[in-house]
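Think of it as A, B, C and D in the order they're written, each chain with its own count starting at 1.
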Amino acid sequence: MKHYQQLAINNADELCFGRAPKPLTTRRGMVIGGGVVYPELNFTLPAMVVDASTMPLVRRHYQEIITGALKRAVELQAPGVVIEFETLPPMTENPDWGLDVVKILLEGMEEAWSKESLKSVLRVTPNDNRDFMRPPQMRGGKYWEQMLTLFDESAAAGGELLSIESVGGKEIHDDALLMCDIGQVIFALCVLGARDMQFLWTHLTEIADRHGVHCAGDTACGFANTAMALAEQRMIPRLFAAVVRAVSAVRSLVAYECGAVGPGKDCGYENPILKAITGYPMAMEGKTAACAHFSPMGNIAAATCDTWSNESVQNIKLLGGMAPTCYLEQLIYDCRIMNRALADGPDSSLAYRKLLVDSDSSLDPQAFILAPENILAIARAIVESDDYYAAGKAAAHTAISLLRDGHKNGQLKINPQEIVWFDRIKEGIESLPDSEEAFISQQLAQVDRSRFLPEEYALSES
Amino acid sequence: MSFLLSLEEAVKQGNRNSAVSSVEDALSAKLPPQDILDALVKGMDDVGRRFKANAIFVPEVLIAARAMKESMAILEPVLVAAGIQPEYTAVIGTVTGDLHDIGKNLVGMMWRGANFKVIDLGTNVPPEKFAEAVVTHKPDIVGLSALLTTTMPNMKITVEAIRKTSDSRVKIVLGGAPVTQDYADEIGADGYASDAASAVDLVRKLIAS
Amino acid sequence: MKHYQQLAINNADELCFGRAPKPLTTRRGMVIGGGVVYPELNFTLPAMVVDASTMPLVRRHYQEIITGALKRAVELQAPGVVIEFETLPPMTENPDWGLDVVKILLEGMEEAWSKESLKSVLRVTPNDNRDFMRPPQMRGGKYWEQMLTLFDESAAAGGELLSIESVGGKEIHDDALLMCDIGQVIFALCVLGARDMQFLWTHLTEIADRHGVHCAGDTACGFANTAMALAEQRMIPRLFAAVVRAVSAVRSLVAYECGAVGPGKDCGYENPILKAITGYPMAMEGKTAACAHFSPMGNIAAATCDTWSNESVQNIKLLGGMAPTCYLEQLIYDCRIMNRALADGPDSSLAYRKLLVDSDSSLDPQAFILAPENILAIARAIVESDDYYAAGKAAAHTAISLLRDGHKNGQLKINPQEIVWFDRIKEGIESLPDSEEAFISQQLAQVDRSRFLPEEYALSES
Amino acid sequence: MSFLLSLEEAVKQGNRNSAVSSVEDALSAKLPPQDILDALVKGMDDVGRRFKANAIFVPEVLIAARAMKESMAILEPVLVAAGIQPEYTAVIGTVTGDLHDIGKNLVGMMWRGANFKVIDLGTNVPPEKFAEAVVTHKPDIVGLSALLTTTMPNMKITVEAIRKTSDSRVKIVLGGAPVTQDYADEIGADGYASDAASAVDLVRKLIAS
């Protein structure tokens, strides 16, 4: 397993949309990170039950989605499209159903390619059902087996990019968020999460290698995006959500250490940090994912993206057309601006990146840490750390320091009721033990042990 | 400051030691248990109000809730002896097929803060289990949560299962990302709350009506 | 009545988003066209019948829309919001129902202003029901009376911007589009349409003056946007749709001649031409109106906008929230980029405008004519003409010449099956008579006379 | 070139003079009226195919349709005398409250091109009027159009009104911006076409099934 000890991108000016030091070439010749930003379309079913009896209707929906969306992509002369299929729980539980949909999508993509020369590539993202057991069984059992089967068969069928929103540690992290307990957050992400990622992504790399496809990446969706959603609803401080985001990079990075090569999955707002560390291209989402969630990073998220996504939208009819098609149109136009700037050269790209960054960075802590210089500072703190725990602590510490400095020198506005949280978070971080070993014993003594099984994370009692 | 005022203040501050000792002081002073309970609820009401006004965040509410909970642990036997019941009983859970926890937990937190007795059935709860709980606990309210478009339809089935029990008095309320007031109306639920903060007011309004 | 004989903006560099020579200041201090681009939110009901029995539900929907959207605007620190209320037919037919909704919206806006200092202004757009009669009665009768009542009462209630998508001439224009008959298009827009606009907007100006509010503008929605929609479905050539757009400016301009002061209504893609002529600020819509219609002008439409709109979206739930709130979020982020560029100064604004223009202009004829230099050329052709007919012919001729030159010198890509239409359209224009009088007699002899009443357009038989 | 080939070609080119004189020539030559009709339909089929493939636009289809229409004016009495009927009869209209015309007109154009007899009820058509037309014209197909979310519900009422007539054989198809296949299924319509070009195939498939 690779361990990153330095950054692939050291200069903030090189951290820009559309260009990654290690681009990825797909079978149909899309070069992700090679100078063109591609739209990445996501979608889901409207309100309906998924079971054997509704599968014909389910198939009809995905058929309609892919046909309608790609037709519009041809009309708009998109340079290529990434299609992401995130399964719903019953489709991972019944891998045949998931595979059915994979094949429907691939057929639609093949038709657009053969008839209209539209390039596209499929990202398959089986949903992680392992926490349907409580406490979750992470390393075996039917949920694990079904999930691996779906990965394997999808890769065999032509799903070229493998992703997942894995959930190791989430059983502890939800409560940690509500209590704003930074220690438990780091335990969930950098101890439980990182160990689960190692186990999981080692298996996924094996599958990808077997079929000649790519491990793309994971996301801290269930962790840092939950924090973001709670912060948007003013349930927890935005400052805390920003720090969680920084810590989450440590966990998501493990996929790349195990062999993933990007594009990192769209909803990982920690992806810019991973791009700086690994040099691999990254999917991102922002304003044009408002269909799926509100976000304080609508523009700045695009500043360093290599594909640009809408996260998810139901297949329902808007006035203009089916919602996935409408959203693909919006993504294509967003990408056209970036691709124009890329074609005009680095000055133009950086000028546009500056607009994207400056339009958001002063208004929210989560946006602030995505400014290129701040990304590099957090990335550096991570690669200079010796283990995941140290990296999590360093990322958190760097983030809160950047935020405090930004606020002090007027670069960052903060709601008055958040101010007390600068100290609370900082003290929380500084009170943590020095060694990972001490930290793990401390946490094992504190957390609700009924919620998780240490052996599922290869954690022995100390 | 009187014991009751200091109890109220301790809950507002989330100071559990001070809350517990204030309850003990108040009990020793033979203050009426209903008054002690009212002080606790008043303290939590204030916390809820500040939370709704975005002056504080969930962790602060949880700390106050913990102070209240520990105080209640002492007070409850006295209340039971005096025949004083919680204002309302609520059953809550995420419907079958859905693992999302946080929204439900936040609503549970708000309801407990308002001194409702809350029975949390957890996530991925089948309709039968909701119906059973209605029979067993005779709640005033059932809260259903769903976060996926593909599990939202299970709310309908669950509402039907609950309505089939003999308890026709129970109010069913819904919450979760794909849910709307229209959907609640459509499946015959009694109410819908778009966020945890408004879930208490919703229930009080429904039961009053 | 004013007749524009020269341009307010002569230099393409001064035709840019966010700045208009004659900005408009609202009661709450928004300065539209004064250096900030504002989001303009539009919405409609989900699938439901509007009648007396459903009005309580209708009210609840609008209540929910305005509360949810403005709450999000506060969260995102929008500098101000334009709210457009386009009525549905029964709400103009029953002005009390329309007024009910106006008041609900104004109350929501007042609350956001008094509690959160969020600036906003209401645009009221009664829907034009006059063609519920066939042939339409344009200058009297119940539909006319009801519409004026709603305008009057809305203005009295505080609706500060009055708009309409008026339909005079549409009864002829629909068929003209399907036949790609440029003569009938000009007859519908520049004879029937222009005369109806004069009549209608003289009345609206009187209402606005009486209540101290503003006539904002009209749009050729039923004309040029129908052409655009047909072209997107490959029913008619895109070239023809582009020429119709240019001609439509002649008709929409009449509102300003009668006293309108902007912001011109969102779905008027002819608005940039009107901005150049009148100097008034303009609403525009593009990619972020994909919820309402597909468009080949997703980015370039923003290049000269003063407010930026989503056109229309039903009040249905997307995964992120109610659709109007999601779309307001997207608009706010789009505006943030423009406002950042405006704050950085003219170089930055023009650099961003260039990206917006270049990203679309070569890919579609309708986009091509919206490049600032082309806008000015068409605007100039219009102001240099003596009457509406001549202006329509000149606009059409200028447009097709610009398109042909653009195609010749490689600035514009055209589908091969469209090429023959260069000549067809050009010949169509050139075969038209010289004088308006001759043209009117010619058209009166040709068009389907059962469809319209000449006297409703003050047209006498010649 | 035979009269029939030149008739087919005239329709393809939208040359109405040549089409009319070819029909006259064919009739004088006593060619079977069914063969003449087939040549016309074959010509229009080709036009429809090129339209569906985006090789030509609506105005070109309309010009061909006009050539066909004028040819039919001459041919029709002969067909009637020979007992030859149009393949299908269709009633079409925009539902009550809705004035949108173009989508409906395009579908009518495509159906006429396929030699359906089309009765166009216009826009803003009340449910009763559709039901009446079904009784009067005994169509094989009824096409309903709506462009507004607030008039789409009138499709449901219209379908119900049509189903109440004695004619249970008639196929009802829907089109328009807010309409979906799901909605068509929900209200018991037989089909949904997302664009005019596919409306002919849809109807042929439905009637065959």
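Going forward, contacts are C-beta pairs under 8 Å (C-beta built on N, C-alpha and C of every residue); 3 or more make two chains touch, one makes a residue touch a chain.
From a predicted model like this one, the values you see are computed outputs, not experimental measurements.
Asker: Based only on mean CA positions, could you tell me how far chain A sits from chain C in angstrom?
Answerer: The computed centroid separation for chain A versus chain C comes out at 39 Å.
Asker: Nearest whole angstrom, what separates the Cα centre of chain B from the Cα centre of chain D?
Answerer: The mean C-alpha positions of chain B and chain D differ by 61 Å.
Asker: Compute the distance, rounded to whole Å, between the mean C-alpha positions of chain A and chain D.
Answerer: The mean C-alpha positions of chain A and chain D differ by 50 Å.
Asker: Among the residues of chain C, pick out those that touch two or more other chains and give their numbers.
Answerer: 44, 46, 314, 316, 319-320
Asker: Among all residues of chain D, which ones touch two or more of the remaining chains?
Answerer: 149, 178
Asker: Chain contact graph: line, ring, star, complete or other?
Answerer: If you draw each chain as a dot and join those that touch, the picture is no line, ring, star or complete graph.
Asker: Please give all chain pairs that are in touch with each other.
Answerer: A-B, A-C, A-D, B-C, C-D
Asker: So in the complex, which bits of chain C are touching chain D?
Answerer: 44-50, 88-90, 131-132, 134, 174, 177-180, 226, 230, 233-237, 314, 417
Asker: In the complex formed with chain D, which residues of chain A make contact?
Answerer: So the residues of chain A in touch with chain D come to 46, 60, 64, 316-317, 319-320, 322.
Asker: If you look only at chain A, which of its residues touch chain C in the complex?
Answerer: 44, 72, 75-77, 232, 286-296, 298-299, 312-314, 316, 318-321, 323, 325-327, 329-330, 332-334, 336-337, 339-341, 344, 348, 351-352, 355-356, 358-360, 363
Asker: For chain D, which residues are in contact with chain A within the complex?
Answerer: By the definition above, chain D touches chain A via 149, 177-182.
Asker: Going by the contact rule at the top, pick out the chain B residues touching chain A in the complex.
Answerer: Spelled out, the residues of chain B in touch with chain A are 54-59, 62, 97, 99, 101-102, 105-106, 122-124, 148-150, 152-154, 178, 183, 195-196.
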